[in-house]
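Below: a set of structures, written as structure tokens.
Each of the next two complexes has subunit A plus one other chain: subunit B in the first, subunit C in the second.
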Partner chain A sequence: MSVRTEPSLTSAPRRIKRSWLLASLFLAWLVLARITKGKATLELPVPENTAFTTWVGDIADSIRGNRSDGAAFKYFFNPVREFIDGFVNVIRELIAIPNGNSSIPVLGWLGVLALIGFIVYSISHIRMAIAAVSLTFACGALGLWTDSMDTLAMTLAAVILSLAIGIPVGIWAGLSDRALKAVTPILDLAQILPTLVYLAPLALFFLIGPASATIATMVYSIPIAVRLTAFGIRGVATSPVEAGTSMGTTKVQLLKKVQLPMASRTIILGINQTVMAALSFVVIAALIGAPGLGKPVVEALIIRNVGEGFVAGLAVVLIAIMLDRSTSAAIQEETSFVPPSQADRKRRKFGLTIFGALTLVSIVLSRQLAWAAYFPEQIDISKLVAQSTDAFVVWVTENLQILTSGLSKVVTVGVLNPLESLLSYSPWFLTVTMITLISLILGGVRSAFVSFVLLLAIVASGLWFDTMITFTQTIVATLLTMAVGVVVGVWVGRSTRAERALRPILDAGQTLPAFVYLIPMLGFFGPSRFTAIATGIVYSIPIVVKIVGQGIREVPVNMIEAATSAGSTKWQLITKVQLPAAKKSLLLATNQGLIFVLAVVVIGGFVGAGGLGYLVILGGSKPQLQGKGLVAGFSILLLGVMIDRIAQYTVARNSAPKH
Partner chain B sequence: MTRNKKVAAKASVLAAAAALLLSACGGAGVDANASAAPTGDAAACGSYAIAMHAWVGYTASAQVVTEVAKANGCDISQVTLEEAGVTYDAMEAGSVDVVIEDWGGGRWKEWADRGALVEVGENGNIGLIGMYVPQWMADEYPDITDSANLNKYADLFKNDESKGKGAWYEGPPGYTTIGEKLVAANKLNYTIISTGSEQALIDVFTKADADKTAALGYFYEPQNFLAKVPLARIKFPANDWTDAEKASGLTDYPESPLIKLATPKVMDANDAFTKIVKNFSWTNADQNEVAADIESGTDPAVAAQKWIDAHADVVAGWLK
Partner chain C sequence: MSNNSSAISVKNLWQVFGPNPDKIVGSPDAKLPRAELREKTGNTAAVQDVSFDVAPGEVFVVMGLSGSGKSTLVRCLTRLIEPTSGSVVMNGEDVLKASEARLRELRRTKFSMVFQNFGLLPHRKVIDNIAFALEVNGIKKEQRHARANEVIELVGLQGFAQAYPEQLSGGMQQRVGLARALAVDPEVMFLDEPFSALDPLIRRDMQTEVMRLHKELGKTMVFITHDLAEALKVGNRIAIMRDGAVVQMGTAEELIANPADAYVEDFTRDVPKSHVLTVRTIARPLADTETATGRTIPANTIIRDATAAVLDANGPVGVVENGNLIGYVKSRDILQVVGGGNQA
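Showing the complex of A and B:
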């Protein structure tokens, strides 16, 4: 009974009132929607433009026409493009593409492997070096050596440039409150924005090619570098800083000698996260001409070659594991508090010398001998992997057809169609009113105001109907994600063994490009909205499970002990104690789930899901619809910001008056 | 203190690595061994990038051009990317030089006007886009191939995605499609469902053929798939394609000769590649032959070479 006195339950009456309010609002919506169905939906046929989209298309045209002699291009965009292209190509020529007149890169495969081993060894330890070399070798064994090296080169280039901008800005934001306030909204925006959205505008300014791909990657990864650097600097305890100041150190000295070294762990974590963000971009960047592993994945999607797509996706995962573990190992090395003994240091020096010599020999060999320059073709397990994957997918498609089509039917007929008719086929003003009211109940007055303004902006964009189609899919996918994610998250949060068993799957799920399983999903569910939804679910479940699991684990032990001693069953413990106590995590997980789902549902335009994503893709390939595609991208942004704001206000409102 | 030493040690390691690299760069390189491998005769030919698009027929044509050009000393790279706007942009940027098969009547005009690309001419293939049903439907409902009867059969094509009307599977975004116009102009009771990829369409038709279920979808010739799964083309009222302005009243897809596009760089070079691109021409049957080999798992380069060997006279004609 002691459970009832826990603070988390005192708000129960208010919550009940709120859900009652929501339910009655929903009911009213259903009735009104039924009466007004099909009126004022603002549906715009796919091939048609509005005055606004035509105008945007004309602007895009004039930008394109200006490329060769417009001042902005001559003095800004073109030099930037050339610089980045040049920078990327220097790294590519080092490991991936033929260098100058030679027919191989500066380093052949043996040289690259040795160098990776040496670098990883020098920042961590020998076991990690062996692991990194093996993982890289496996990419070659998948028959994708050159593409893998291209991906590695593109990632490196993007990471170096991102850090060159992100760390200084991060330091600035770490030292100055005003700077932090100025950059935070931009950072938020860059992280909400689904990647598909800014590809077309970037290509307009920087053309199709490595430069656009690199810049697109940077848009995504710079915010992470900035955030973690600022966070690291702000996390430095005040006493060393005060001690430094009192001793009369200058600001620069303070930064160099105190703040940066003490924040180094977080900054390396930032590098790690920046690397992962850049890598997650590999596939989508292939849509605007990035070389590397994204190419085979996208090709495989287009010709629906599940096996080959999986092989390429697997190589992305291997590189991700390699880079993630190497940088993580470097963090551990950086923070190990046991000073190395004299003997240790000697041994290490010896190891480095030997390893260095071996690396030198390998590099020279890889430049002189064909076997060390070209990855051996005999080592190729790609066919095997591809065929096994194909066989598996065929088996699932044939044997689980009833299950897959049944699932798809239940969700489509039972949830998707009714919700779609509510959101999209009601008059726009009814939907705007209802969403605003729901936002008011969930997040308060400010939330309602922001939602209202954003919804009106979407109406003004002319793509209201398509936005609601996408919104419907996002909501349905998020509901299903939460249903699965919370169950698994609770399990993971309660059992260390489950956490350990699922961790690699969750990690892989976060790095495996969504495009890879978009292909088999297409096989399971055909061209339909559900295919996009299923892909969105698979993509966002890992993050939801992680956040929920973390939240459950952080529930104070005394609360659980109190409940257990009062005789709660396991079910009661979960539903009455752990979940309510982890409420903030649940809301945060919902927010993240929504943003992740939105990013993928948009890609669903490739598999028949329609909506804004389809318009974005269409705009890229049909010149007369390019303006519409750009506006569709902008509408996705508006939708994403609205979802994020409602969720943020709801989180803030629910966590503020605690205790 | 230890930290500083550690940092210093790391710095020296990195410096050593850099030194290693530099010393290695001084080496002669593999070129001595490698240069024997590629280049055939030393006929002056530049290096070019050919666009690769997603459909297998395109792969067949592009691969044959690639192999012939390589045999004549050209350095050819293949760049995979979406058709139309994306490709034209890439041509303007100089990262793609040739499109060997373009379906869209004149959609490149804006780029051609700016001098980014040149319309080279027809490639000999005749493209025919249309709406198709599996052959079994045409056998069972003989009048279904007349568009006037499509509404009568709309119920057959209903599914969860089609909002109570017939499901009309439209071609992928990059392809030339006028589904909305067809539905509107012919007053059809169908909902257009975008498919996103050609393989999704192939899936739909393969399933419909195997399970004897209904399907109405976008397809086109030349396409080797038609030899494996027989489809019947729906006849729509004929329309006048000569005037692009009338496109809003389109009632059917016309037959269209497929077009080659190239950058001015190719046209001005006047080398072997210029000749090949200008003269390349083959029939739908030729393309289907190579495409069939590629689809059955033969490496595209091998499939192309096989055709080249069997048609030496045709190839010789391209080089004149």
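Showing the complex of A and C:
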């Protein structure tokens, strides 16, 4: 006799059933994988092409051949490239490369430093200006003045163009629901797209060089500007907007007099984030010919020269701190809508006048005198830094083996290899079936369907084996990231002191380009899969800690009070109240962690991690493998979309209202 | 009672949210209670067939609990929310039929609004907040500041013209809100729960302030509130809303003396009746056993104010309206009301 039970009665047993289901599925997978090991893995040796990758390579060649007379190139790609090249060069000639017939840029180093100080002073305060000047000077002292200026110029150019597009689109999406709906999928896609993926296709259309690098950077940073601008406009309290409307404003008046001024803080935050995104991308864009600090970083990674790589990476970090601190100082100035008093303003005007005069003198000097034009070669600590780095790395690897090769070995043998044999070295149809089933259990039917289709597409691409290698590393890195991230996140969420202590580190971690993390990891762990994993972990822990900490913090106080008054221990409070209540944040953190990790793991192709990232990088340097590189990039995209979809469906399923 | 002398005349106003709002009004479904309508059609009638007239210089109060549709109603009157159907006539002109440009003109000159959360612009000084409507109407800075200073004087904000909203207390902020609404010298002011966000003591001050401004300037006001005491204090007439519809409309005395249904009665239960009702409502014929004292009081005397006179009289006192004797009251009648009896 079948009886329909109340839904409330079935929900508890069903949850238990789900974890049992997962466990038994996993067990079955292990057994099946052992039996079928090594069969139908679709492994493709690195130098070989499939018919499909050859075909893609031919298409790339024909696009390349079409560059001078194809209509699309003549009337679209080439003019765009020329415009952006021109724009970038104007800014580079200002601070980085020789201008016209002269042998120096428009501004010599003294002029640049003074101008940076003046700009930072005018948007924040004198302490910040001094810090910005010192940080920039330090880049010169590292022997990388010209490269640093190129990075700064590239970043500036990309930011200006990104904001010119991103802010208007953001305003539009902030005002119109329909516009928001139209841009949201594009923004979402841009957010999960690993940076390495779109370099090669863009270079195909816009050639290798500053223009491609700038466009790629814009693709990465425009969505951030759009998102935060729209968020700012939508975040304006309703009552001033209603009040404005009720007094008969036109739409333009409402925007100019009410919405934009009230959204200004969020929009400036958006500018800050856009700047940081652009900087981190400009470094990676060295792969497609962006001038600047990315070049020495890439070169050092390729020849595994940790010391020199560290010097260049350090310069990137200094510029990142300089840009982040000075743009966020501008936000702090905006906390109150009340402007400074008359006396303050007078003092400030005086300060600006003095500073402005000094800046002008410096600029003139830097155009007239050699010592103010060329950064002094006597000040060069790069050798010292490189040597000490190398010495430090040697010391660590010799004396703290347990933390370097020991840790690497434990993870590689204990987790990485078993999972890799499960995903990569068992028959593809077994892996496809199992991932689809797991997706079904976690995210439901739609999730399973999407995963299945994407997995088949990956199989069809011919790079199944390499994709699974990358997937394995992504999963391992994410598991470790979550293990550390949740513990630290709970701590940060529970203790205000911990939050205050860790916040600067978390903020800094989030703004640094992923690329520079590779250098120290390469030093500690050598070229290996674990280096990529370790970099992924270090890069994504800050975001996971932030999301988890916020989730724990947002658990309602009365829930905590109720549990405490019922006599819970601290441990019970965490495991029975705070973590379950913050479940949605945990899932979101996992999703972000996966996406961040994937982006870094593919860059790990530089340091011997193999997989798709390596194929992408190889495709960029070996013409006969360019088709394979492009397909590898596309496979990364498919993998990223699949991970994101499973995570999103799981989040949606778990945050549905319970009966 | 619609007539040309009304300041505002609202007729059959509907505001339906949902997938097909236009199909509801006029269909048999429209008569369904709110919950059933939502169940059946997926639409919610926030405002359901509301009609009323406001006389020039009157303070008309719309009262109801949260979710009763009162805030939606006031937004429909100024078209901050577009109503689904009906008409709102001011000076012979249907506001709902006005073009975008004409609507802006009306908002800039004919009516103004005060908001629960003040709706001040934090990035502007008090004076520029107050002059905002004049500014968007293209009035020169000197002129609009001169006008703003007049209104600042009027609402007691002297010395705060150069301050920013966040430097003021809640009560002071709402004075800015009031001043801003007065700056355009509107014909009608809409006040949407203007004092709900304020402390009780400050709320009382502000109510007195509004009554003073009303007495001095004689503006027509539509005042939204969820607080019956406030409604009784400021309103000439009160409309009680529930589930989007007006359940009863009348003077305070009418509502309390003759509540239309249990809902209104429940609402008015805690109001001390002796503070609202006049002796007219308790006047009765002389019983056979009684003899009149010969003293009289006017029929529109509030019971509370009549207490001393009637107790002193030591017998039935005549109630006189327009020179006619309409009945008698005795100390016992008064005490029954004061003591909370239900015979009122």
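To be clear about the criterion, the second predicted complex is superposed on the first by the 589 of 659 C-alpha atoms of A that agree within 3 Å, B and C clash if a C-alpha of one lies under 4 Å from a C-alpha of the other, contacts with A are read in each partner's own complex, and residues count from 1 in each chain.
Quick note on the criterion: contacts are C-beta pairs under 8 Å (C-beta built on N, C-alpha and C of every residue); 3 or more make two chains touch, one makes a residue touch a chain.
Only a predicted model underlies this, so the values are computations on that prediction, with no experimental measurement involved.
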item	value
Superposed partners subunit B and subunit C on subunit A - clash or fit	fit
Winner by number of subunit A residues touched, once subunit B and subunit C are compared	B
First (subunit B), second (subunit C), both or neither touched by A:R529	first
Which of subunit B and subunit C A:T249 touches, first, second, both or neither	second
Partner chain(s) touched by A:T412 [first = subunit B, second = subunit C, both, neither]	first
Which of subunit B and subunit C A:P47 touches, first, second, both or neither	first
Touching partner for A:N654 - first (subunit B), second (subunit C), both, neither	neither
Partner chain in contact with A:P261 - subunit B first, subunit C second, else both or neither	both
Touching partner for A:A237 - first (subunit B), second (subunit C), both, neither	second
Partner chain(s) touched by A:T564 [first = subunit B, second = subunit C, both, neither]	neither
Vertex subunit A; arms to subunit B and subunit C (CA centroids, nearest 10 degrees)	160
Least C-alpha distance (whole Å) that remains between subunit C and subunit B when both complexes are overlaid	5
Those residues of subunit A which subunit B touches in one complex and subunit C touches in the other	261
Parts of subunit B lying in touch with subunit A, wherever the complex brings them together	2-3, 6, 9-10, 13-14, 16-17, 20-21, 23-25, 27-31, 33-35, 37-38, 54, 56, 79-86, 88-90, 92-93, 95, 107, 110, 114, 160-161, 169, 172-174, 178, 180-181, 184, 192-204, 207
Residues of subunit A defined as touching subunit B within the complex	45-47, 61, 64-65, 67, 101-104, 106-108, 111, 115, 118-119, 122-123, 203, 207-209, 261, 287-289, 295, 298-299, 301-305, 339-340, 345, 348-349, 352, 356, 359-360, 363-364, 367-370, 373, 408-409, 412-413, 417, 522-523, 526-529, 605-608, 610, 614, 617-618, 620-624, 626
Contact set on subunit A toward subunit C in their complex	237, 239-240, 242-250, 253, 257-258, 261-262, 264, 336-338
Contact set on subunit C toward subunit A in their complex	75, 78, 80, 103-109, 112-113, 115-123, 132-133, 135-137, 164-167, 180, 184
